[in-house]
Every structure is written in structure tokens, then in C-alpha cells.
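These are the structures, in C-alpha cells.
In the two complexes below, chain A is the common chain; its partner is chain B in one and chain C in the other.
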Partner chain A sequence: MAAERGIWIGKQLFRMMVLLGAVTVAVFALLSVSPIDPLTANVGQTALGSMSPEQVEKLREYWGTDQPALSRFLAWAGDFIRGDMGTSLLYRRPVKEIIWERFLNSVWLMGSAWVLSGVIGFGLGILAGRKQGGVADRLVTGYCMLIASTPAFWIAMILLLIFAVHLQWLPIGLAVPIGVAAEQVTAADRISHMVLPAAALSLTGISNIAMHTRQKMAEVMESDYVLFARARGETERSIIWRHGIRNVALPALTLQFASISEIFGGSVLVEQVFSYPGLGQTAVTAGLGSDVPLLMGVTVITAAIVFGGNAVANILYGLVDPRMKNRRKKS
Partner chain B sequence: MGEYLLEVKGLSVSFCQYEKGWKRSRIQVIRELTVSVRTGEMVAVVGASGSGKSLLAHGIMGVLPYNASVSGEIRYQGEILTEKKIRQLRGKEIVLVPQSVSYLDPLMKVGKQVENGKKGRTGQCREALGRYGLGPETEQLYPFQLSGGMTRRVLISTAVIEKPKLVIADEPTPGLHLEAARRVLGHFREMADEGAGVLLITHDLELALQTADRVVVLYGGMTVEEADREAFQQEETLFHPYSRALYRAMPEHGFSFVPGSQPYVKEMPEGCPYQTRCREVKESCRKFVPLRKTERGSVRCVLWGGEESR
Partner chain C sequence: MIHRNRREMMVLLAAVSLILLAAVTIAGANVYGDAMVTDFSRKNLPPCLEYPFGTDFMGRDMFVRTIAGLSVSIRLGLVTAAFSAVIAFFMGMAAAVLGKTADGLVSGLIDLMMGIPHILLLILISFACGKGFWGVVIGISMTHWTSLARLIRGEVLQLRESNYMKIAARLGHGKLRTAMVHMTPHLLPQFITGLVLLFPHAILHEASITFLGFGLSPEEPAIGVILSESMKYLVTGEWWLAVFPGVLLVGVVLLFHILGQGVLLILDPERAHE
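Take a look at the complex of A and B:
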């Protein structure tokens, strides 16, 4: 039993490695055909024009454009496997350091948005699916439709306009106040900078989980076992707790882990709007500035987290659902 | 035989459905259904698949889907069984034995489901399961781990753990071998003998005749005949051509089979639902036929010209 589980988890890990490898190749390939010339983008046309050919040659060497993509990739991959993620060309600091710093910023932002959208979305989904066509259902469905057809960055800008510009309750952007020494930044400062981006991310994240939960809940409420529970005198309330949540929780939790990628996707835009220095914004900066080592680093970390989420979703299903547990035992 | 416990008169059930696009249509699945159960009595409702047996059971329990509309009269102990009343009684005085494993929560262990969320019933649960030969280990199983026969026994246990006055058992025997089926019906018989009423829904006339006091024959959602057990001993004491066909279809009476099948609910004709297969069909079969009294029950057939029943 334990050995089987070990093999199964090992397989999942192997799959993740292969996928990660494929993603790095894809990103590298895309970068090498990107129309952005790192030299013009980062040094500037005019500055380049006024430089001597030797200086330009040195710059070419620095940005790596003098070598073919394949050999650059192999060099990068070799270093990466040895644990060296390289040095950022834009920031001139180790990639590892930058990513760690940005990751910490993002973790709180995305983590709170992820938990909030999950919990609220689940609650709304249960409420809506409990009685299809009811008032709660129509409100929740309406909200989700509206949100699903609204881009995350647009919501971010609306929030910014209302709460930061008009009401001035919350700061306009960044992760910490401007002009304050790092040691003096309080937790309250950090939280107040996170509220708006987290709200923008959660507001969009809710609709997916809510609609999915609503659908499942509606199915459960129409099921034979709920009919029988009613016939046995269970109240609607008891039915929702004993049968509804029990049967909806697992698919919802799975979706929640699988939806980490969406939170990441949303964060790229939202962080951009709020100039929030997280992983998403770093990816945009690195991509536009052709900072290959940094972009590759961000990509690998992001992909690992997303794949990790999906793997957790799979594992959860296998470990928690009694039907799956048994199926694995048999096979 | 005691007082009337359950009286269902002229019950009809229809569903509101949306067809292709937005056209709303109403399909009538039960009409003119009449059944009654007295205290201490076991009444079998016999009908082919799709004749509306489960819907009758769900209609009495007040658990039909939202798009269903019900008319007619359902009385319990002489009083109209209102929605409010059935809510109070179901699961306590009136219990349902459902038809299949899909009526069990797939993610809840059997023991918990039999106990139905009420504390301190472990002993009763064990006793109820034990009565049907299921050991305490069954309590820890999930519904998908049960065999067909075990499922059946678990479903029955959910009813006997209560102390019901009226049991509505929807096909409680398929999946059980003959001996077990007889034992299950024997338990229902005991409950009836102790004063409860039992409405046994089945498609197996032979099995019904072994234990039930009276048999109600359904066809196409309608009561076509109702008679006591003795009436089913000979063909001559049955009056509706469909009941006679059922009689002749029993193994000991030659397994004979009437060609054709029960019309689909949407193609159900006006009047007698059996007219499409009946050899003695008349023009008057196409109009409403009332239920008329016979010597041992009542029948809905133009060939029988007795007094109108109730």
C-alpha cells in the first residue's frame, strides 16, 4: 500500500519535471524569436548610435545576443541544474535573491486572494445552488456573469479610482510606502498596500469557484439521495450540511488547487496596475527587458507552483474520495 | 381489517417541461390513480416499468421535483395529508423504502445513513441491519462497496429502524434471491400484522400475491383494477383485460404474453390507457372510464357495468 502510493507520487513528480523542462524550452524558444532587441530596448537607440563599435560589442556580449539561442539555453540549463539561477541583467543582482524577495510579496497577495476567493466563492456557490432560480441564485449568477466578462485589470483600475484616488483610504500602489526605510515599514503598511490588489484578484477569482460550486450543489439537490433525505424528514438545513457540503467540498477543493494558475494569470495584470513588486510584475519587466535569466527563473518558479497545485488537486482526490481510494487499491 | 390509514383518490401528477427552445409542455404521468391502505393491511401496487409507481410513492411522501404538479386527494388517517402534515410525519410515522442505491449518499458510511443523524441509535442500527443478516462491519462501508442485495437490505433497514405506521416500499425485493425476498416481505407482513399499513410497490405479481391482502393494478399511470388476493386466484374473478393478461403471464398460468407495450407518457391516449393493446377494445374506451365496484374490488373497464365506486 505505502509502496504503491510512493510509486504514484513519484510518477506525479516525474511528470512535473518533464513538464517543467518543456516549459523552459518553450519560453527560451519564444524569447529567441521575440522581436524585441535587448540592446535597443535597454540601452536606447540614441545611446547605441553614439557608442563605439567596441562598446556595442561588449554590450552584445553582456545581453548574450552574440551567441546562438541553443548554446545559451544549454549554458543556462547547466547552471540551473547545479542550482545557479544566474544574475539578472537588468538589476545586476542574483536572480535567486530577486525572485525570493518578489515571491514573498506575491505569496501574501496571491495567497490571501486565493483563500478569500475560495471561501467566498464556495459559500456563494452553495447559496446559489441550494435553490436554482431563487433570489440568491439570480444574484450570485448575475454577479459571476458580470465579473467573468470583465477583465481583472479593469476591476483593479476601478478599485484604484474609488478607494485610492477618490476616497484616499488606501495607498495607490507599490508594496511599501515611498521614502520610508525598510526597517521602519510596519505590517500595517504592508497590509494596507495589499488590500486593493488582493481585492481585485479575489473579486475575479470568486466567479469561477462560485459557478462551479453552484452547478455541483444544484446537481446534489436534485439527486435521489437528497430526495430520500427529505423523505426521511431531514430539514433543508440539515440536507445542505450533511449531504450538500459533503458532496460538493471535494470537487470544489480540487478546482481550488487547480485554479492557482488563474490567480497567477490575474496577478500579472493586477500587479502591473498597482505597480506591486510581485512575481507577476517581475515577469512583465523581465520579458519586456529581455532579461533572460530573470524571466526563466520566474517562469520555472511559477510553473512549479501551478503544477504543484494541480498535483495537490490530483492527490487530494486520490486520498480523500473513498471511491478513488478503493479504485487504486484494486488496480 | 382496520380503519383507512391512507386513501389516494384520483391522484394526478404532471411535469412541466421545456422542449426544443422555449415551448413549454405539460406531460401527464399519473392520472386517476386510486389506492387505499387500511391499518394492518398490506396492499401491493403492481404495474409495468414506467407506469408511475415510484412517482406515486414520492407523491405521497411530498418529495416530487419542483416542476411536478399534483392534484387529487391524499388522506392520512381520514385527514387531508397537507404539505405541512407530511413534513412532520415523514421519516417517523410514514417511511419510504426507496428503489435503488442512488438514494444513498455516496460519501456517507452506511451506519450513519441508517441512523439518519440522530444520536444514540447505534444499537438500533445494528439491530436493524442484523435483522437482515448484515454484520456490524457493514456500518463502516460506503454505498459503492455494497452488493445489490446488501443495498436492498440497507435500504429496508432505514425504514425498520423507525417505528412507522405506514411503510411505502418501492420495489424492495429485486437483487435478493427468492428466499431473502420472501423473508423481507415476511417482515413487512409482520409489521402489518402488528397494525401498520404497508404499501408494497412491485412489478412482480406472483410475489405480491404471496403476502399482500389486496392488489392494485396500474397501467399507464392509472388504476385499472383493484381486488383482494383471492380474486387473483382465477382469471374469471378479474375483470380488466390487463389484469387478466398479468394473470396469464404468471409462470404457473402459462407465461403468455400480450404483444405491444405500454404507450410512452407523451403518447398516452385519452380514456383507457390499455386500448392500444386490448383485444376487446370499443369506441367507449376512448373516453373517460370511471372506476366501478366489483364483487371483490373495483375495475375501470367498459366491459363491466357495475355501480360507480365511491
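Take a look at the complex of A and C:
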């Protein structure tokens, strides 16, 4: 039994690695078919025009843009495995350093939004699914519908307008105050800069998990065992705790692990609005500035995080749910 | 007094949504030229009766600009959602009909695309297309088919196992005939609903990617451009530049959601009695 479980987990991890490899190839292919010429984008039209053809040729050779895409990819992949992700063209620093720095900023922002949206969304879902068609249900469903129709960046802009510009309770952007030395930045500073972006991300993240939980909860409340529990005289409160939440919590947790991709997608937009120096904003800057090594690095790291979340979700689901165990045996 | 049941109400709502959306689309296409008119004698005006959404730093009427931008967004959404739906149809069909290898390939492709956050994928495709208009169209068309393809695959697999399909095969009906007579009536409602529900996603993603600066060009009165420009004026107090266009965008997307639910209710045979 234990061995079988181990093999299954191994398979999941292997699948994740294969997918990650495929993503790397696909992203590299996308970036290399781009008509945007790396030389023109990074040296500049005028500088390139003032150079002699031999100089341009030399530069081309130096950057390796004259080589076929496949050999460039192999060179990149070889370095990547050894831990070298190249040098950012915009920042003139190793990509690894930039990504690590931005990742540290993002991880707090996304982590808190992930936890908050999960907990609040789950609570709202339980509240709504408890009694379908009730006041709470209508409110929650309406909210989710509204949020699903609202772009994340606009929510961020409205929050910024109200709390930073109008009420001036919180700072307008960035991750640290301007004009303060890095050593003097306090934790309170960091948190106050993170509140609005995290709130915007959480507000948008709630709807998915809430709607899912509501659906499952409603199913549980209509089931025969809840009817029987009612007939036995169990209180509503105990039904929700013992039959509702116990059944709904696991699928919700799984969904939350699988939704890392959406949180990240939202953070790209939200970080852009707040000029928050996280991974998402880095991706936008790299894309706009044609910084291919940086864009490549950010994408691969992001994909690794997302696939990691998905793998955790799959494993969690497969390990704990007895129904999945049977299916696993069959296949 | 008029007392309608839920179904009738929903149909009515869907019809109203459709009319409103059509009105915005047509009106926006007609005022496209007016949206570009600049007049420095009226710049930075707050909302008033003459300019309900105010004017911007170049004296452009924000109401006209917003309507024109929404029209662009809706038309782009229609085109990209239609493309996506066609891709979804073929992918879903291929996965369901062409055997295990094709199925594995399609589901692998879907997993691959789900591994990169949507916005990031759009940035990459936009970059691959050299940014601009085609980057958005290709990007959104290529990334939105996954969920609908899964739905179609599941539906076809289920239909193939159903008894009446097996009986039709035993009766010697040709594959094409069974597909037309028995498959299509079940698939079509799902497909059309899926198509309508793709619009809101397509529109939101178009606005987002344009907002980030990868989409439509800044000269165009697109909703993403309007909102991204308004960012610079949030701090200086021109709040109307951000608030009104955004509210209308949310309104349009909500209308599409309502329309989608209406279509589902009308077409889905399993919910015909509701």
C-alpha cells in the first residue's frame, strides 16, 4: 500500500517535471519567433545605425543572436541547470538575483492574499450554501458575479483612489517608503505598503473559492445523511460542523492550491497599479523592455510555482479522498 | 398584473442585455471619429450635464471615448471568442474521437497552458507577435479554448456511451447521420453557452493586456488604454477618468454574464422545465 502510494506520488512529480520542461521549450520558442530584434531593442536604433557593419556583426556574434534557436536553447538550458539564468539586459544584473529579490517581495503579498481569499471565500461559501436561495446566498452569489465581471486592476485602482488618494490612510505605491535607506525600513512600513495590493488581490480571489464551496455545501445540505441528521434532532450548527465543513474543506483546500496561477495572474495587474516591485511587475517590465533573459526566467520560475501548487493539489486529493484511492488502483 | 415565471424573466433579461450590448457596439462604432477629437478649451472638466463622464487632459469627451472603447472591446471579444470556440470544438472533438494518443496530447497541451498564468501567457504571445493588435487577437484566441474543449470532450465521451447512440449504430445508421441527428442537438446548446460565456473572459483579458501596455496602441480609444492613462491622473484628483469607464466596462461584462445564463436556460434541454 505504502509503496503503491509512493509510486503514485513519484508519477505525479515526474509528470510535473515533464510539463515544466515542455513549458520551458514552448516559452523559448515563443520568445525566439518574436519579430522584435534583440539587437535593435537593447542597443537602440540610433546606436546600431552609427556602428559599422563589422561592429554590428561582432555584437551579433558576442550575443549569439546569429546562432540557430536550438543551440541557443541548449546553451540556455545548460546554464539554467547549473543555476545561471543569464544577465538581465535592462538591469545589467544576473537574472537570478533580480528574481530572488522580487520573489521575496511577491511571496508575502501573494501569500497573504492567498490565505485571506481562501479563508474568507470558504467562510462565505459555507454561509451561502447553508441555505440556498436565502439572503446570504443571494448576497454572496451577487458579489461573486460582480467580482467575476470586474478586472483586477480596476479594483486596485479604486482602492488606491479611495484609501491612498482620498483618505490618505495608506501609501500610494511601491514596497518601501521613498528616500529611506534600506536598513531603516521597518516591518510596519512594509506592511502598510502591502495592505492595498493584498486587499485588491484577496477581493478578486474570493469569488472562485466561494462559488465552489457554496456548490459543494448545497450538495451536502441536500444529501440523505443531513436529512437523517435532522431527523435525529441534530442542531443546525452541529450539522454544519460535522457534516458540512468536514466534507467541503478538502476539495476547497485542493482548489486553493490549484488557484495559485490565478493569484499570480492577478498580482501581475495589481503590482503594476501599485508599482509594487514583485515578480508580476518584473514580467511586465521585462516584456515591455524586450528583456528576454529576464522574461524567460520569470516565466519558468512562475510555472514551477504553479505546477508545484497543482501537484500538491493532486497529491492531497489522491491521498486523502478514499474514492480517489479506488480510482487510482483501477488505472 | 404581470406575473412571470423565472424562465420568462430570464429570457426577458437576456433579451434586454442583448439589445443594450448591440446598442453600445453600434453607437461606439459610429462615434469612433468623435472619440479622437481634442479640444483644449474644455480640458480636465469634471462630470457635468454636457460631458457626463468629464473630459481628459486633451479635452476629449470621456463619455464618447468610453463608448467607442467599449465598442472596440466588444467587437474584439466577439472575434476572439469565436476563434477560441472553434479551436475548442476541434480540440475537444479530437480528444474524444481520435483515440488515446490524441486525448493525451490535448490534455497535455491544456495542462501546459494552465501552468502559465493567463496574463503571463498573453504577455508572451503578444511578445512573440511583436506586440500590437494581432498580438492581442492571437493571444486571446489561443488561450481561451481550454475549458470549453474539456467540456466538449466530456460531453462527446458521455454521449457515445449512451444507449440511443449504440442503438442507432446497431440499426446501421451511418456515423455522419448519428453525429448530425443525435449528437448535434445535445452539443449545440453547450457549445453556444460556452461561446457566450467566453465573451466576458475575452473582454476582461483584452482590457487587462492593453492596460499593461501590450495590446492595442495608445492612440486608439480602447478601454484598457483609457484606464491606463487615467492612472497618471488618479493622484492629481481627476477621479472621473478612472471611475466611469471602469463602471461601464463592469456593466458590459455583467450583461454578457446575464446573457450567457439566459442562453443556457433557453437552450439546455435538461433545464427546459425550470
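The definition used in the following text is that the second predicted complex is superposed on the first by the 287 of 331 C-alpha atoms of A that agree within 3 Å, B and C clash if a C-alpha of one lies under 4 Å from a C-alpha of the other, contacts with A are read in each partner's own complex, and residues count from 1 in each chain.
As a convention for this text, a residue touches a chain if its C-beta (ideal position, glycine included) is under 8 Å from a C-beta of that chain, and two chains touch if they have at least 3 such contacts.
Computed from a predicted structure; not experimentally measured.
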### Task
Answer with first, second, both or neither: which of chain B and chain C does A:Thr299 touch in the superposed model?
second
### Task
Please work out whether A:Gly287 is in contact with chain B alone, chain C alone, both, or neither, and reply first, second, both or neither.
second
### Task
Could you tell me if A:Leu227 is touching chain B, chain C, both of them or neither one (first, second, both, neither)?
first
### Task
In the overlay, answer first, second, both or neither for which of chain B and chain C A:Leu109 touches.
neither
### Query
Looking at the overlay, what does A:Asn247 touch: chain B (first), chain C (second), both, or neither?
first
### Message
Tell me which partner touches more residues of chain A in the superposed arrangement, chain B or chain C.
### Response
C
### Task
Kindly classify A:Met157 by the partners it touches after superposition: chain B alone (first), chain C alone (second), both, or neither?
second
### Task
Applying the touch criterion given at the start, work out whether A:Ser238 contacts chain B, chain C, both or neither, answering first, second, both or neither.
first
### Query
Which chain A residues lie in the overlap of the chain B contact set and the chain C contact set?
none
### Query
Given the complex with chain C, which residues does chain A contribute to the contact?
19-20, 22-23, 26-27, 30-31, 33-36, 145-146, 148-154, 157-158, 160-161, 165-166, 172, 261-262, 264-265, 268-269, 272-273, 280, 283-284, 287-288, 290, 295, 298-299, 302-303, 306-307, 310
### Query
Taking the complex as given, what residues does chain C use to touch chain A?
108, 111-112, 114-120, 123-131, 200, 204, 207-208, 211-214, 227, 230-231, 234-235, 237, 239, 242-243, 246, 249-250, 253-254, 257
#### Entry: Residues of chain B defined as touching chain A within the complex
58, 61-63, 65, 87, 90-92, 95-96, 98, 100, 102-108, 116-117, 142, 144-145, 158
### Message
Quick check: in the complex, which residue numbers of chain A touch chain B?
### Response
222-225, 227-234, 238, 242-243, 246-247, 250, 321-323, 326
